[in-house]
Amino acid sequence: MTAQPHRARATAALLAASAAVGLAGCSTDPGAETTVTVFAAASLTEAFEQIAHDFETAHDGVDVRLSLAGSSDLVAQIQQGAPADVVASADTASMDRLVADGLVGTPQDFATNSLEIAVPPGNPAGIASLEDLTDPDLHLVVCAPQVPCGAATTAVVSDSGLTLHPVSEEQSVTDVLHKVVVGEADAGIVYVTDVARAGPGVEGVSFPQAGAAVNTYPIAAVTQTDADTDHAALVQQFIDAVQGPEGQRLLADLGFVAP
Amino acid sequence: MTTTRAPATSRRTTRDPAEVPAGLPRWAYVPAAAGGLFVLLPLVALGTRVDWAGYWSLVTSESSRAALALSLQTATTSTLLCLILGVPMALVLARGRFPGRDLLRSLVLVPLVLPPVVGGIALLSAFGRRGLLGESMEVLGLQVAFSTTAVVLAQSFVALPFLVVSLEGALRTAGERYDVVAASLGASPTTVLRRVTLPLVWPGLVSGTVLAFARALGEFGATITFAGSLQGVTRTLPLEVYLQRETDPDAAVALSLLLVAVAVAVIGLTHRRGASR
Amino acid sequence: MTFELTAVVPSRGFDVTLDVDEGSTLALLGPNGAGKSTALGLAAGTLRPHDGEITLDGTRLAHARAGRTEAWVAPHRRRVALLAQDPLLFPHLSIRDNISFGPRAQGRPRREAAAAAARWLDAMDLVHLADRRPGALSGGQGQRVAIARALAAAPRLLLLDEPLAALDVDVTPALRQTLRRLLVGQTTIIATHEVLDALLLADEVAVVDDGRVVERGPTAEVLSRPRSAFAASIAGLNLVSGTWTGDGVVTASGGVVHGYASHPEVPVGAAMTAVFRPAAVALHLTDPHGSPRNTFRGTVRSVEPRGDLLRVRTDQLAADVTPQAVAELSLVPGRAVVGTVKAAEVDVYPV
């Protein structure tokens, strides 16, 4: 989730550190495991943790290392030579930069995410459509245009020709969700996956105009300098797992939509 | 007048060069200098990051001006609110005699040590639409949510202890002996407060007010949690800095420096006023 | 009776009855912690009695029964001014504004307050300091301003709490004389542990010890013939009254006591009292020779221990002497002795 750069980066750093410790321990182990290092956008955390776990169960002796951060941070890390095998970003723009630098193979889209209206449980304001959000008396909270979810909101709203009167343009999806959960806001605009993750505190109201700003998640193998065909095959198997039925089912459970 | 007041002023601000400080070990200069550097270096470094060529246009953009104006307006209002509530609080805590005073004194300090985000959540629980008072306030037509009032509440919540603590300390140091004499001369408690107590603790009041204003000006966490963020309504300068960081780091740096400049100006100005009083 | 106080404050072990006549001065004499400050606090209204009644000019200032306050006049409405050991001048106000503080605080017009300030600046010889701040004053000057400030408030009762204790010894005699002059006709209570304050300023003395009045009476009587242990320990001063001759006091019986006047402008023939401490008295069996001395012939009436010394009382004076001297001279009641005291040990004050 790019809207939470701080937390995502801290998590990534923590994971990288623990990965380093783990690798150091493994190198002295005669039955050393094969490692697949996956760099993924923070919004994929839950999905990829489950996919990695399933992958490790299916492939004896394989260890999947997850490094989770904001997409732009992931790109910067790989550009600086971070040891990644797979990269999954939350937008095509980030992936395109890696492609342009020749750092990854051909990307494949594996999921999409789109906006949804989040309302407090029971939907007290009776929101049913994007049009309902134009009521100036409504306490509507959105992301600021400067952050990705806000940019998507702006795109959807301008495409629909409607005018919204938000009472607040928040810093992040989390801030929007919080305002809805505590009932300060009557409605907020966030991603479908955010509603799914927020649990029973909020309800989602989908709207057709969301199609104007669909976020596509691409995945690609990072180009390796040494030609270890066994390892390359394993990496491809992980990418296939994400795109396979089990991976797609997990992603769908979390609100992602297949491309 | 000037000649008679000179000795008192010079005694307070300058040291006789012939005096030798007895309680200042030489080694203390080393960590003291390191501490000074630690505070100053980041501020200087901030200055080196500023895009000076575009500085003026960065800080005078519509959103920056709106944020600055809102910050000054809300911080001033919050400071006034802190004075209206905080001066009597400090008086009651310093002079009052009632059970539970020590406990109350500790509780007043809580916002000082609380993470501002927690303060914001606490304010939501009290003044939010579904908060303890929120519903009755809504009945009365008072809408706090997402309003500038919410910003002022958030700022006052975090700034109030600064004023209360420094004023209460000054009141305790000043003691009650002057108050007793003034009352014995026929001054009512309000006259005593106005003509004796407050003038005596004036430096403490000034520094407490400056601290409260500076804290209100820098308030971020409680505001973003409790009040939201909308240009001209709730997006104060710190929120604008944090948001600009996402897309325009240069603007964020420029605004940060502006915030530092405003803070330094306020402290410098009132410090001089307070000292000359 | 213009001021009457009967109060019990159990938390301070205080149980005292006092009264002060209109225009007269009562000295509360006693050691630190005896209850002098409690008495003043009750009069000023900074303390509440648990039981008792305080009245001033027929107005009930405080009345309490078993901890329940039944009548209470706030301190600022009592017209009871307090002068403490420290001048406690308001540091942010000029000397003039300090003095006019009382009249202004009582709601008198600005012009009237200014006139009162001018009068007191003049009376206390403070005109040249009028526009200064208190920080620039010496201790003696500061206390003079504090006295002027207290009196400018026109109190019905003036409370002096050790008013001279914090001052240098070289300024206290002059200030004591000033107070003496100003307290004429002013109803006053002065708390002090200094015998001279009581002697010179007070008409009556109440000796306070351990929260009780242990002795009460006209000043000269209490100080020269103390009955309580405390009064005896601090007082027992030798007092000889008469008229001033220029270098001494002639008593009614024609005896002369040589000494030094407290201030130089005393006219010959003025009523004065010579004061000297028992410890300054030496006892002999015959008239001594040598330097000019004051001599008092008399008969030993009593000998009683007083610390490491013995207090020998004759029919004229008291002397504190060593046990060795008592033994050598066989000082027993009935024995004729000659007491001597150097003129330098004798202070002479106007009565």
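As written, the chains take the letters A, B and C, and residue 1 is the first residue of each chain.
Here, a contact is a pair of C-beta atoms (placed from the backbone, for glycine too) under 8 Å apart; a residue touches a chain by one contact, two chains touch by 3 or more.
A quick note: this is a predicted structure, and the numbers were derived from the prediction, not measured.
Counted as hops between touching chains, the shortest connection from chain A to chain C is 2. Distance from per-chain Cα centroids to the pooled protein Cα centroid is smallest for B. Top-ranked chain pair, ordered by C-beta pairs in contact, is B-C. Using mean Cα coordinates as chain centres, the one most removed from chain B is C. Separating the CA-averaged centres of chain A and chain C is a span of 89 Å.
Rounded to a whole number, the gap between the C-alpha centres of chain A and chain B is 40 angstrom. The geometric centre of chain B is 51 Å away from that of chain C, both derived from CA atoms.
Every residue of chain B that touches chain A in the complex is listed here, in rising order: 121, 124, 128-130, 145-146, 224-225, 227-231, 233-235, 239, 242-244, 246-248. Chain A contributes residues 139, 141, 144, 146-147, 166-171, 175, 178-179, 182-185 to its touches with chain B in the complex.
Chain B meets chain C in the complex at residues 1, 4-5, 7-8, 177-178, 180-189, 191-192, 195-196, 199-200, 202.
By the touch criterion given at the top, residues 44-46, 74-82, 84, 86, 88, 90-93, 101-102, 105-106, 131-133, 135-136, 149-150, 153, 155, 159 of chain C touch chain B in their complex.
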